[in-house]
Amino acid sequence: MLKVTVWNENRHEQKNPVVRDIYPQGIHGTIADFLKTEGFDTRTATLDEPEHGLTDDVLNNTDVLVWWGHLAHSEVKDEIVQKVKERVLDGMGLIVLHSGHFSKIFKTLMGTSCDLKWREAGEKERIWVVSPSHPITEGLPEYIEIENEEMYGEHFDIPQPDELIFMSWFEGGEVFRSGCTYKRGNGKVFYFRPGHETYPTYHHKQVQRVIINAVKWAKPVKRERPVYGNAKPLEEIKGGK
Amino acid sequence: MLKVTVWNENRHEQKNPVVRDIYPQGIHGTIADFLKTEGFDTRTATLDEPEHGLTDDVLNNTDVLVWWGHLAHSEVKDEIVQKVKERVLDGMGLIVLHSGHFSKIFKTLMGTSCDLKWREAGEKERIWVVSPSHPITEGLPEYIEIENEEMYGEHFDIPQPDELIFMSWFEGGEVFRSGCTYKRGNGKVFYFRPGHETYPTYHHKQVQRVIINAVKWAKPVKRERPVYGNAKPLEEIKGGK
Amino acid sequence: MLKVTVWNENRHEQKNPVVRDIYPQGIHGTIADFLKTEGFDTRTATLDEPEHGLTDDVLNNTDVLVWWGHLAHSEVKDEIVQKVKERVLDGMGLIVLHSGHFSKIFKTLMGTSCDLKWREAGEKERIWVVSPSHPITEGLPEYIEIENEEMYGEHFDIPQPDELIFMSWFEGGEVFRSGCTYKRGNGKVFYFRPGHETYPTYHHKQVQRVIINAVKWAKPVKRERPVYGNAKPLEEIKGGK
Amino acid sequence: MLKVTVWNENRHEQKNPVVRDIYPQGIHGTIADFLKTEGFDTRTATLDEPEHGLTDDVLNNTDVLVWWGHLAHSEVKDEIVQKVKERVLDGMGLIVLHSGHFSKIFKTLMGTSCDLKWREAGEKERIWVVSPSHPITEGLPEYIEIENEEMYGEHFDIPQPDELIFMSWFEGGEVFRSGCTYKRGNGKVFYFRPGHETYPTYHHKQVQRVIINAVKWAKPVKRERPVYGNAKPLEEIKGGK
């Protein structure tokens, strides 16, 4: 059974009754619920727990980590970010949601600023599938329509995705690369755009479907990890000097 | 005229007479020489200069930066690495050579460990062109043969290259992705494998040709930089909330 | 001096006075004009000329071929398509415009149906730059706005582009991958979306800038072509059988 | 249960006792055996059956098609190739083995010549994993060693793979991109190099593991297929003309 940990900074939910009304158990609670229903062995972790809830034991027992953060990216400790990064390079899948584009973990895995345009106007977003053979699109229609969302617009300062799965249309005139896969070391990373805290985006069945599919796609590969460093020759070297 | 800065840690040349004999003016001196001959406005910078020779003035007047480092990656100051990174994201080209795979600047732009297998046995390397339409291959034969080189072997822990240009065959039985392009922000990055300090690799005409071609390819694009942050709508938003 | 041939089926211009008014010398005439002004050695060729104007002599003296077709894709002779394909694989650049997505030459180079959604409603198109380091974006603002265009919408059935340069937003709610690069053999291919015949799109300065940049980018690499077939070993084989 | 069809031209087995000794039930029989053992619903089809064994009924009931051909590529009927292509674009996975690089189906899906260097000297091949997070590498060591194989060398005239999984080292001095994935329409394609008919390559457990993994990876996505053609607007168009 796949082991999933849903991490959330869990701050908007404490401060803003609008958010708390939409997500009474926190964004992490809602996400964990539909992942459990899908049959994954799911737990949650939040910023204010010791070690942000991401102890060695938790990380070593996580196949796929889901990440939501926004207000408090800078409060996430560098040593925890470093541990998460090492786990990704070791094979753990990572699903970065919405404002997680600016999290330390995403930026350090991308190597770019991860900056973008944004606007909170509750406008319509239409998320189009552009890679119809990809397992992350299983069960989805041609597009996902979200009635009210924050806008994220290009240029999105990310490396060219290994695979571009979704592209968003926004009512206000922008477009965005909304579903992007990357490989890093032995691990797989998926960025998925929607999910502003003041809208019920994670209650949307098709958004849930994407996250469920992404968890399956991101699971670690079972094999010995590559060996690095000094290596004896596998064949005789004749003319070496 | 393209402005090129060749950066070298310049330590092997001080310590090891073998290296000094091959590169009497330092690895940077040899590389700068053939770049000047090609008509680029070329200067050099080294680790032990103030700010490692990479002052704001130098960086702001550099179109393409060539980087060679090995022994002293850890001595490169984080604030200089950060400035170089910002210049790359702003458009400066970056050519990372050989052991530069473990430099701070390459690792932070890649987001991975950049680790690999290696062996100093002076074995034969044959660098095959696999992307024959790429301008970095201009003027090259089907492969470049280097009689004696250090081996670098897979797995090379880098993100999937945007373009894979060269693949190496090694006498001892390994292969390696030897020429890799990446885009980062407004800048372009090229990693090129050969160049162990105890062999005369940078005197090899075809190796020089690759670096010259890469400098031309990596030059900045002339246009306004993207604007990030809060954005007014370009179209009327009807149903927003 | 780069040698460019602009190919056009040149049928709408004969049948439809609206098109003839916008392009009195044909779409090919307008495109050739701004390419000449840029300094390219430019000629035109059209469907109704012998061999569609693409004789061996013309093709062998073309560095980059620009292609516009729509009504009469099926009238383009298979043997001419085959010759163009061989020239692309040999190094000639190919710029495919708008409805050329359904041309025989584009489909045979892509291997897919190249199908898409479309609508002629004269709606607004906004073409966003998503690869700001790419030379095809030189001199461009963040987006190109076209007041009236035909809509092309996803899913666009193409292989994943080697590089995605532009993404379009359409007033009617769709998005599209509008600028896509591919490498095929020794040649480079660029698909660029806008250019419906009843709108003055190729008089738009920024659209012209994209095509000029693309011609420069697509020029052939100067080197010996790869050798295929039976190959003698470069190293001694010990245990072969 | 995944439905797999293994297609083989099955000619070498009829003509050459060496091949018949290695593969008494044909190459297809050996491949089908280990796929059945893995639990796939597996059948075989060969060139000399009516419609090459690839009737509409067979194709419509195939999730993943495995293809081995060599001597008789030209005997495969164009209309069958066209049907296979349409099934791939509709979602069927396709695994192309070894000399299948020159099959009509692979060439039409790639859009290039698919040419390469080759040599039959029974030399050693070492197939290195370069994408350790990819499910096709599950259960594999760092490299697969094959004592005697035909050599295939670069330049391999294919489009840049979406994902490069394996790279081969050959005793005679060449390298090759040995494991390449592509997406085409709703389907996934994997090319895997080894498998010359006079060596027992498909009895090699790790080679079998790659093919098993590839079948799993290539299975169709369950969703409605994209709709193409004329499309009504999803949003009101104001200024259209």
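In order of appearance the chains are A, B, C and D, and numbering begins at 1 in each one.
Assume a residue touches a chain if its C-beta (ideal position, glycine included) is under 8 Å from a C-beta of that chain, and two chains touch if they have at least 3 such contacts.
All values derive from a computational prediction rather than experimental measurement.
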>> Regarding the chain C and chain D pair, does the interface count as same (over half of residue numbers shared) or different (under half shared)?
In response: same
> Between chain C and chain D, what's the gap in Å when you average each chain's C-alpha atoms?
Replying inline: 30
> If you average the CA atoms of chain A and of chain C, how many Å lie between those two points?
Replying inline: 36
>> Where in chain D do residues touch at least two different other chains?
In response: 126, 129, 131-132, 142, 153-155, 160, 162-163, 171, 173-174, 183-185, 226-227, 234-235
> In graph terms, nodes being chains and edges touches, is this line, ring, star, complete or other?
Replying inline: complete
>> So in the complex, the part of chain B that touches chain A is made up of which residues?
In response: 89, 108-113, 115-119, 121-124, 147-148, 151, 153-155, 157, 159-160, 162, 171-174, 182-185, 226-235, 237-241
> Tell me, which parts of chain C touch chain B in their complex?
Replying inline: 91, 126, 129, 131-135, 137-142, 162-163, 171, 183-188, 220-227, 234-235
> Touching chain A in the complex: which residues of chain C?
Replying inline: 126, 128-132, 142, 153-156, 160, 163-164, 167-170, 173-175, 177
